[in-house]
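These are the structures, in structure tokens.
First subunit A sits with subunit B, and in the next complex the same chain sits with subunit C.
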Partner chain A sequence: MNNNDPSSHHFLRWFDPRHKSIGTIAFIINRFSALGLTVYLILHLVVLSKLASGGQAYDEFLILAKSPVIKIGEMFVIAGGIIHGANGVRIALNSFGFLVKIQKELFIGLMILSLAIIFYFGVHMFSGAQN
Partner chain B sequence: MIRKDQFQSSSKENVWLWLTKIITGLSIVIFLAIHFIVNHLIAPEGLLSYADILAYYSYPIVPVMEAGFLVLVVSHSFLGIRSIILDLNPAAKVMRVINGLLIALGSAAILYGLWLLIVLVGRSTNL
Partner chain C sequence: MVWTIELCIARQKAGSERHYQTYQIEIDPDEYVLDAVEKAWAFYDRSLTFRHACHHSTCGACGMLVNGVEKLTCITPIRSVVQDKGRLLIEPLRNFPILSDLVVDTSSMFNNLNKVSFNQVASLPAACLPYESEQPEHAHPEYERLVDCIECGMCISACPISLTSSDYIGPAVLAAAQHESIQSLSPRILEVVDNKNGVWRCHSAYECSAVCPSGVEPGWRIMKMRQAVIAHRIKSFFSSD
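Our next item is the complex of A and B:
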């Protein structure tokens, strides 16, 4: 087997940032954010069952949702969604043959833009603008 | 006419499933942009209570849009999980079981979400 062939034995390499090309780092970020967002999707669907339980159950949950711990969790979801979305747009463009020659620069540019948007959301969420 | 060899998918992934993942992903980005505009620009306070949500669902376009979003997100998510599992190079037999599980879980998630939407629409029309 070639050293780079897919294998479950190579899974732990995802957690080792050393000696990685920028393309591999982009790939790892995409996979990790995907796993995180999938866990969130399942939790979100479970939590939405409160809506079926009626107004009181949902409104009680909303009080809990305003706690700092939940807000920090929401911030991770927003960050994961923005990073995964921006990285995904790059993958789609490159896969269809667009901007392939500048894919590294595109990745760096999109990640800087993502960080700026995450920062905006962070300030908006924690400054009390959205209570 | 789309040719399979035009695209670059992961080595073991069916090209049409890969293309579905890309198209659903791009559609989600557009849906999310609309969601943020509606919730943070048009309604800056967001949907804060159960009553707000029922009022929101009384607009006919909203449940249709949410149903579409649900199908896109669940499809994209489960196709993505399948891609990650494929990266681990499982045996063909194991992959068949995983495919069955992912289809069952994805279908259950969509049906559950649609049921929830129907419940909310029913309650919003009784407002």
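Our next item is the complex of A and C:
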């Protein structure tokens, strides 16, 4: 085998956008958002399991949850979820044979929509934090 | 007009490490990338190996990476990829084993094309994409023509899934399967495409369609193939007692 053969070891090249079309950008975004959401799920389960150790742990968790760092983290989770979901809608529509000819425009449109929704959430979350 | 370019070519014999060799080539910018490679072979190094045959985008032999992008080198003008005194990087297609320098072993693609009984000739309506309207006026429906795919393998080279798995049958074969199943989806084709290394393995990056030099639209065809497989599954579900 040489370096030109297909190999699972080449997966890092997935994330190299040079010389690629917009479809690869969608592919990369989908992989990053999926990885981010998976890491979040694991962290979430770890934190929740800590809550089982009593009322004090719960109070500490509430304080932690209101900290700005966690809020920014939550914002990333929301953004990841929305972007991954929107990309999923594109793939599902295309897989049923819909809008394949305009898949680029579909992706751009869905990403603009995602950014608008993320912005709405951001404004809501951070303005709520000041109250 | 003559330009001087630095032609940097990947050299590698099967099993050995890749290295790059640079040649100063004088060339008319309206000549093609394949002409520059031929000049390197003719005037500098007869051990350089590369594939070519028709020189007019019909045989599919001359696909290479030109500055990192899959191109049919016999129809890629020098001026479209480099400037005078510029550097032009030529590498073999990705995702196929290297035989020698720019020659890759595409036999896996041809074996898989055989599995779907890919026929290079089709009736006029079947040879065109449904949204194309270039069928000649007054064409008789029984006329036939060569289908668009020239079996260059560039779609497989560009595909991120073919990059990481040799089991995935790849866009060229899935597009051929779709083409062969326009009239009816045969059990033989279904067996090749409806599995984890077939039509479901595509991750919708559409690089295949971006690089295909022949307007085959493999990405579009893979999605159409999925649609046909889903329809077949639903039909079979309701028709089974």
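Operating definition for what follows: the second predicted complex is superposed on the first by the 116 of 131 C-alpha atoms of A that agree within 3 Å, B and C clash if a C-alpha of one lies under 4 Å from a C-alpha of the other, contacts with A are read in each partner's own complex, and residues count from 1 in each chain.
Simple rule for what comes next: a contact is a pair of C-beta atoms (placed from the backbone, for glycine too) under 8 Å apart; a residue touches a chain by one contact, two chains touch by 3 or more.
Remember, it's a predicted structure, so these values are computed and weren't measured experimentally.
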First, second, both or neither for A:R13, with subunit B first and subunit C second: second
First (subunit B), second (subunit C), both or neither touched by A:T24: second
Partner chain in contact with A:I72 - subunit B first, subunit C second, else both or neither: neither
Touching partner for A:L37 - first (subunit B), second (subunit C), both, neither: first
Touching partner for A:S95 - first (subunit B), second (subunit C), both, neither: both
Common interface residues of subunit A - those touching subunit B in one complex and subunit C in the other: 5-8, 11, 91, 94-96
Contact footprint of subunit B on subunit A as seen in their complex: 5-8, 11, 31, 34-35, 37-38, 41-42, 45, 48-49, 51-52, 54-55, 58-59, 62, 81, 85, 88-89, 91-92, 94-96, 124, 130
Residue ranges of subunit A in contact with subunit C within the complex: 1-8, 10-11, 13-14, 18-21, 23-24, 26-27, 30, 90-91, 94-97, 100-101, 103-104
Sites on subunit B touched by subunit A in the complex: 6-9, 11-12, 22, 25-26, 28-29, 32, 40, 44-46, 48-51, 53, 73-74, 77, 80-81, 84, 86-90, 109, 112-113, 116, 119-120
In the complex with subunit A, residue positions of subunit C that touch it: 12, 14-16, 18, 67-69, 92, 94-98, 104, 131, 160, 162-166, 168, 203-207, 209-210, 219-220, 223-224, 226-227, 230
